[in-house]
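As written, the chains take the letters A, B and C, and residue 1 is the first residue of each chain.
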Amino acid sequence: MSNRIDVKKTYKLYINGAFPRSESGRTYEVKNAKGVFVANPCLASRKDLRDAVVAARAAHAGWNKVTAYNRGQILYRIAEMLEGRRGQFVEEIVNVTGVSKVKADKEVTDSIDRLVWYAGWTDKIASLAGSTNPVAGPFYNFTIPESMGVVAAIAPETPSLLGLIDVIAPIITSGNTVVVLASTKAPLSAMTFAEVLATSDLPAGVINILTGKKDEIAPWMASHMDIDALDISGLPAKKHAEIKVAGAENLKRIHSFKSADPGRIIAFMEAKTVWHPIGL
Amino acid sequence: MTFEYAPAPESRAIVTIKPKYGHFIGGKFVACSKHFPTINPATEEVLSQIALAGKADVDAAVKAARKAYTTTWSKMSGKERGKYLYRIARIMQERAREFAVLETLDNGKPIRESRDTDIPLAAAHFFYHAGWADKLEYAGLGTSPKPLGVAGQIIPWNFPLLMLAWKVAPALAAGNTVVLKPAESTPLTALLFAEVCQQAELPAGVVNIVTGDGSTGALIVNHPGIDKIAFTGSTEVGKIIARAVAPTNKSVTLELGGKAANIVFDDAPIDETVEGIVNGIFFNQGHVCCAGSRLLLQENVAEEVLHKLKNRMEKIRVGDPMDKNTDVGAINSKEQLAKIIELVAVGDAEGAERWSPACNLPSKGFWFAPTIFTGVTQAHRIAREEIFGPVLSVLTFRTPQEAIEKANNTPFGLSAGIWSEKGSRTLWASQQLRAGVIWANTFNKFDPTSPFGGYKESGWGREGGRHGLAAYLKGVSHE
Amino acid sequence: MSFYGLVDGSDASLKSYLGNLSGVDQVGAEARAAMLATRSIKTTSKRWAIDTAITMVDLTTLEGADTPGKVKALCTKAVRPDPTDSTVPSVGAVCVYNDMVAVARTHLDLIGGQHVPVAAVSTAFPSGRASMPVKIQDTQDAIDAGAAEIDMVIDRGAFLAGRYIDVFNEIVQIREVCGDKAHLKVIFETGELVTYDNVRKASFLAMAAGADFIKTSTGKVAPAATPPVVLVMLEAVRDFYEMTQVRIGVKPAGGIRNTKDAIKQLVLVNETVGPDWLNPKLFRIGASALLNDLLMQRMKMDDGYYTSPQYVTMD
């Protein structure tokens, strides 16, 4: 046993491809299942949310334009990076949540597999959710699904890594960018996942990760007029009405889900129908 | 001598309007104690007295719909449901002229449009959705799609029967029953549709129609016995509905306002473009949520297009909606006319240049001449707010990017138009525009197979096509 | 020749002139024509339209079997379409083959039809496949025989091959032959040009080259004078007027067989170029069977009941 003192990681936010501290300077204490202090992650403020939305909005045009094939490769690349660091994630999950190593290992495995699954959807979802429409006239008419823009999301408390990936992967698969609030009690794997993202060819701003309190951030997400849609899967059901009322101000599309499904991708896409005459 | 068209009025004899109507609940017309008049906006003649539904009426309608849902409609095979819808489609075709005349009398739209557009499309919607009833499991919306239950549907006055068809046909095909409220100022074709349901022997309670005003609509939106709200109308009311249903498990679809950009590039087929501009804003008096109300002209052709547009507008025939040669009819209501006049005054005050062709407007009824404003910028209110009348705001642009930026610079996102003979640019523009319906080298085209609906504050969901069906089935992945 | 200052007679200038024309969207043009076809023309306006249409008819016989007797009968009908009703106006012109011009002119003059011009189809009608000297001689013969109007065909082969300058030069040469003796109508045979883009292009080409009228068809090829084709030509004429202040006439020919079709054409004129064109100096309808239907409809309006073909003359 060496006497070496560990170099502990400072957990920060992930905004626009960088790792800033909260502009508020606030942190909160995360303890493990046994009540032992683990880390002081950032307690994100509404201004951090604002900055993250600016980054996500700026990134949308570019990410939306990336070919579906390329988006798939980047999602796959994220899975590759995660696979390469799986040990670290297993250890972190065990340490923070107190679950067994077997269970933590399964969560990481599922997380990787989930990313691979969505990677394969990028260039298939349009065929599934689009259509050509045989209108009664000399027109070529087709419907294509498109990304909506900036989607904000609340990740579920548990499982902290898989839950995070379950909300963000379907959102970005179609070309949306995302601002996600990680699990409050177990935010560390989300911030470590940000390190994976930072090394996996994902353009800055496509995924922005905040840590903090749902009650504080969710209402600001709901009222933010430059957010197009919300995934509130991670919010308790009793809070949904309040968020939906606030979100009505710009008619945000607000959804929550119970499973991984292509419907999750489609829910954050808009169907666009194009008409063009057919003639000589 | 010039070629003056003698009046060619469509005969009114084909319709019988009762002096007073009740609600259609549980397959029967039921009397109501309170009434309000519905008028012909072209003449201000009172056409009939319409029942004003209160809580008891809405309760009765929801109860009838629930009973029909649980005892009959949800148990019936899709094949049989479909046959009822086919019957309805056929009866609407048989009685098409009657519907057209009644629509024009109650709404003020030209008989040419009700006869050639509204009614045939309404019948087509039923025919199209009839075929879905027994094929829902093939719609790609889950392997065992289930209806939602009772749908409350609130429709606007601009396309009364067509909007009814957009709402009722998919709801019924998917196995839901409905409580429908037509608009306060245009209830007559919905009440005639109730007769069609009777002729089709549709099981009692599958379609219930309650008439009334906004208060009736609110009763439907807030009714605990309703599983789904489908609304077409203003963004303002859409937001109220979105808030109202937030604490409930109701599904919602909203078709709301728009301020569509109609973009003309310098290689556009000019004459057809001018027709498309006219059709885009003057179709149905501009009472169209997807109207091409912001004309964006590339600067190097702006003068030519405007010149041709003005010449073309001189030929628009405004007047008696029952005349088969009328192009632009009456404004639907006194209130709507006041709103148009108010926004036009704002346009004047903001310094935009107003122009209308000379036209003799009738002395009675509600009328507004086709109007264009030039010299409009994105900062003008008339470039941002929905006027919902025959008023076009004209802006210019220099490059394709600038056109797209201006087109997308709005909280609305319902529709947009592109005029160009260059395929690659048309596809590029259609990709860049943030709107649910893009018309390239055409405008204001509708079809039951073609999904319709908006981005952003123009609404939630789609109507028509496979996509529209999803609005009446339980989501596969949603909680 | 100045060509209205639009072209200088060179291939390059013609290409640039035609290259600047906007395209025509087929679906949009057909939709506009179909919408105008829904105009309901009743009572007084219908009566006016029928009489106006009669004055616009180029009463035509273009058969290999044409004889002096047949042509004379046609001339009689042209001058007085309904022998029982003197209020029926004469038609716009009699249209015959080159060799029948003298017969027609002589007979018209004989029966008091001095006011009815004779139009001759020319330039190796209907195919246009002959050498230029032959086409010129063909035209000259007709004028010498008394034709006041020349309906020439363009060389569609040259047009479709992109040799617009050849088409242009032919029109210019025939225009020179016509001089101030004859009006020149230029026939496109739109059924062979196929696209509305070509129709628009041919219209501007012919107008710049000196056509007095542009005409859809020979009557030998279908489709001929469909409403959208006429719409596109009327739009071209309207635009040309704005460029030059010169009014060019339009003549649909072929396929217009009844009153309803003829009135549709008048509606197209009224709502596209306007009332200035609603006279035989600027709008003609090339037809044969149409005249009798116009007469029958006129009788119906006067008498209040439907008539029978027995009551109109067969020529």
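We adopt the following convention: contacts are C-beta pairs under 8 Å (C-beta built on N, C-alpha and C of every residue); 3 or more make two chains touch, one makes a residue touch a chain.
All figures in this text were calculated on a predicted structure; none of them were measured in a lab.
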Of A-C and B-C, pair with higher C-beta contact tally: B-C
Closest chain to global C-alpha mean, per-chain Cα centroids: B
From subunit B, the most remote chain by mean C-alpha position: C
Subunit A-subunit B separation of Cα centroids, rounded to whole Å: 37
Approximate Å spacing (C-alpha centroids) for the pair subunit B, subunit C: 44
Chain centre separation (subunit A, subunit C; CA means) in Å: 70
Contacts with two or more other chains, residues of subunit A listed in rising order: 137, 139, 277
Residue numbers of subunit C (touch at least two other chains): 25, 27-28
Interface hub residues of subunit B, defined as touching at least two other chains: 441-442
Residues of subunit B touching subunit A in the complex: 124, 140, 235, 238-239, 242-243, 246-247, 254, 256, 411, 426, 430-431, 435-442, 445, 447, 449-453, 455-457, 459-460, 462, 465-467, 475-479
Complex interface listing, subunit A residues touching subunit B: 128, 131, 133-137, 139, 141, 143, 146, 148, 228, 233, 237, 240-242, 244-245, 247-251, 253, 255-259, 261-264, 267, 270-277
Residue ranges of subunit C in contact with subunit A within the complex: 25-28, 30, 194-197
Subunit C partner contacts - residues on subunit A that touch it in the complex: 137-139, 277-280
Residues of subunit C that touch subunit B when the two form their complex: 22-25, 27-29, 31-32, 38-46, 48-49, 52, 232, 235, 266-267, 270-271, 275, 278
